[in-house]
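Structure incoming, see below.
Labels run A, B, C and D following the written order; every chain starts at residue 1.
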Amino acid sequence: MKFETKAELKYNILSPATLILNIHALRTPRQTVLEETLVIEPYLKAEELSSEHGENRLIRIEILKDEDITISYKAVVDNFFRETNHTDQPEISVANLDTSVFPYLYPSRYCQSDKLYRFANNKFGSIKNPYLQVLELTNWINSNVEYLSGSTNSQTSAYDTLTELAGVCRDFAHLGIALCRALTIPARYFTAYAYKLNPPDFHACFEAYLGNEWVLFDATKLVPLNGIVKIATGRDAADTAVASLFGNVSCKEINVSCKVAEEGFKPFYYKPAELKGLSYQ
Amino acid sequence: MKFETKAELKYNILSPATLILNIHALRTPRQTVLEETLVIEPYLKAEELSSEHGENRLIRIEILKDEDITISYKAVVDNFFRETNHTDQPEISVANLDTSVFPYLYPSRYCQSDKLYRFANNKFGSIKNPYLQVLELTNWINSNVEYLSGSTNSQTSAYDTLTELAGVCRDFAHLGIALCRALTIPARYFTAYAYKLNPPDFHACFEAYLGNEWVLFDATKLVPLNGIVKIATGRDAADTAVASLFGNVSCKEINVSCKVAEEGFKPFYYKPAELKGLSYQ
Amino acid sequence: MKFETKAELKYNILSPATLILNIHALRTPRQTVLEETLVIEPYLKAEELSSEHGENRLIRIEILKDEDITISYKAVVDNFFRETNHTDQPEISVANLDTSVFPYLYPSRYCQSDKLYRFANNKFGSIKNPYLQVLELTNWINSNVEYLSGSTNSQTSAYDTLTELAGVCRDFAHLGIALCRALTIPARYFTAYAYKLNPPDFHACFEAYLGNEWVLFDATKLVPLNGIVKIATGRDAADTAVASLFGNVSCKEINVSCKVAEEGFKPFYYKPAELKGLSYQ
Amino acid sequence: MKFETKAELKYNILSPATLILNIHALRTPRQTVLEETLVIEPYLKAEELSSEHGENRLIRIEILKDEDITISYKAVVDNFFRETNHTDQPEISVANLDTSVFPYLYPSRYCQSDKLYRFANNKFGSIKNPYLQVLELTNWINSNVEYLSGSTNSQTSAYDTLTELAGVCRDFAHLGIALCRALTIPARYFTAYAYKLNPPDFHACFEAYLGNEWVLFDATKLVPLNGIVKIATGRDAADTAVASLFGNVSCKEINVSCKVAEEGFKPFYYKPAELKGLSYQ
């Protein structure tokens, strides 16, 4: 399915500064970028970087004088997600896990799985099928955590959210990841453009590693799972910040949009009875 | 300097086939892609891949029925090359070389440096400054090898070219690389869009590793060195084929163009007395 | 300088279990392993793995029946550390930082630098030379945090330690790293065998990225800096656990030793006035 | 099965020189190194490096004065090969191939598959099962190429061997690889210690990529396939040289041995009727 995504970021620069932005759509076998435009006004050199091991697409802009700067990004992306089947999904065995997945099993800044071990295992430990475990914990978060704009900030972690029981998409994803890892299910964070997200903004979800594939979950249930354009994956929000600002910089405005660019979109949501998942990998 | 590059490739597919194309401009700290469009007609899924270790940008298209297919690629690219200085350039010491450079020191399919050891050392071994060695061997190739379209094919190697003394840009680059490696100077091949190449086509040049940076050389001297938009780097043409075709496929047409997209272009060529180089890294 | 290191780990296995151990000495250009022996009693298959991107050396052992198991590791290692000079060390500029260093700039599970920004900048922000910043914060930790065995556990983070002001080597390192990152200095954690550590145990220190090299710091000041044999590096202890145990496993005993294996060891400690550092990279 | 391997290399150094040796046994999930000793006499610093992307284990020794140097390596290695089954092995489809395998599909210095396309397809193109294709071409090499010590040198390639019809293990492997690649079967070279190789020396074989696993083939048929201790893998011998010598160095002596270190070894050879393979991965 083709989507047209846009992001416009406006900054007020008050000292020499460096911006690192992670707003480009990922380019993968299942996510093809057909068109892409980056406009920087006033025009400045932008370095194209990839994150440590090539996963994410960064641009770095160095600004030497005080000015207002606007970065506009636009892309047409075609996504080829895959339906996955989790009937009789066996438990994850650490004895067979590839080392590339290990980092997503250990606690991270915003996903302190080591502190949620008792909670996760008391609540979800008795479920045998790990797909159903993740589905259940996703449902639990959706039912028990209130989606409340402005209730959290960049320091809020999964551990905080479990106490506060309020947050935004980022917090929902962090809690989902932390609970997965506490159940020995590798899980990772991702940022995305999302169709039908209202009000429009960058979105955050998570993926759980089930049967050697990364399967998509969204505890907010705000958008159809097949309306996602991935931007970046990482252990948590610390790895995937949309914007990292160094210097005296203030963000004045962020505008995001994501529309379908062809006909025939049918929204997809998980139904527990069907044991189906969706993978963008 | 901003360039607008275009490539249009037309294929006639006569059986189920797989195309792997390497025509996207590289995205690096010194080469920013501001706009990019890929059009496939009739429309088919294209997987975006990166070569083994993330260097090059590939697309793979699987075609299941007989048809004619046209792939059009267009990009606006901004390049920030750097002038390098090679006065008192010390000899390359293998004792300090980073292992990431080793592959470019060993012989490869089209650059049999092991067979050119005596020739290279007899001709250029007495020159002390390795920058001047590469400049001299580049000049030697330019003076002694005739640029002759159609004189060689996809099996022609540096060893052949040294005997035949005729070839195209690919052959000039292979011979340059083989001679560098025979002098214990790491060297790698790259494909490019090139401004002022006449007739317009994909271009091929090489880079030598001097003073911990990859410095650009072009033994054809057909284009200014600062008019290059890089596509792919590798050991030789085997790593960087513009198109790899699997199945019964015939290429009907290839159109390539590269224009400047802003004012003020001043062509740059090496002058031995100045000991200056150009790096796109 | 040559060191002989030993580790003996005894486990009681009460159910099918998987052990992942990270006790092998790193093999790097500046740390050569001349002899190495691994003994598993009773003998079981051990898979040799490397962590996600080849940094650390892991062994994974799957144990299917209840039994007592002893893993013994012994190595003779030759270290070639390098003295670094930090006179006129310029401030770190994010505009020039290599992306491979970014992960060590962001907060992680045990090093919540985002929460220590005000503290770090109030205390150490006015110091100009980043080497001196790290030296000062190391001294501050050493003077203000009490080294107290058993005062902390596997959930204790830098944020906790700044309140409790007590901990062990792991906590000292985490706090050092968190403060560095809060000052925009990349910093990473490492585990090590350490000469003269009393009582003998695995040790943990940290490295700060200064002038494009990783420079060693140890806020515990328990051992000479040139008596270190590195085991693993990572963002924090979550990446570098000596043992990760999955299943019903209890650790019965850990014995560690590190001796010099040649004459002439002269202990090295930092002296602020000298602006010298030590790098094992 | 446990093996004890030894290598002793003696060099006469006549000028400042750099040696890069690739004699350490690989450490992988299916090849565990239990004991390992490196002795350099007279003692010199040896840097431990890994090849470009971590595959192979190198040591680099810089020697500044004229002297005789002896490098001795000894290891006890436990190998856990796996039997693979190739009944109904489907043809390799480039449309599904992982990019990490692409380099082993293209021609390389000693394996000019592009020049052997007609030969390979005429001889083996009609066989449907790719496992049987590789088995047949291996048998063809074994029957038609004479194993003759000293008949070839470091410049001899697969193309030469197909004309000369004589060579050593290295040439047999290169020809096997070139023919596989000409049939669109990815294939790679490896060096090894081999049990029962007579006279004792380093051995070279190849692996073909069949059903997403690397399966072992040895066209020399000199040793049982389950008696292999892998040293290095690469595109061909250019990537995996046991010793790369830079400077005025002469090799005086090489002694290699490989013995079983436990009871019960049963030699394994391929039998076409059984469609079984052996994988060390």
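Note that a residue touches a chain if its C-beta (ideal position, glycine included) is under 8 Å from a C-beta of that chain, and two chains touch if they have at least 3 such contacts.
Keep in mind that what you see is a predicted model, and the values were worked out from it rather than measured.
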| item | value |
| --- | --- |
| Longest centre-to-centre distance from subunit B, chain (CA-based) | C |
| Chain pair repeating C-D, as identified from A-B, B-D or A-C when over half of the contact pairs by residue number coincide | A-B |
| Distance between the centres, which are taken as Cα means, of subunit B and subunit A, whole angstrom | 37 |
| Computed distance of Cα centres, subunit D from subunit B, in Å | 31 |
| Centroid spacing, where centroids are CA-atom means, of subunit A and subunit D in whole angstrom | 43 |
| Residue numbers of subunit D (touch at least two other chains) | 49-50, 53, 60 |
| Every chain pair meeting the contact rule | A-B, A-C, B-D, C-D |
| In the complex with subunit A, residue positions of subunit B that touch it | 27-39, 45-50, 53-54, 57, 59-60, 78, 80 |
| Subunit D-touching residues of subunit B, taken from the complex the two chains share | 18, 20, 49-53, 58, 60, 62, 93-95, 99-100, 102-103, 106-109, 112, 114-115, 154-155, 184, 238-239, 241, 246 |
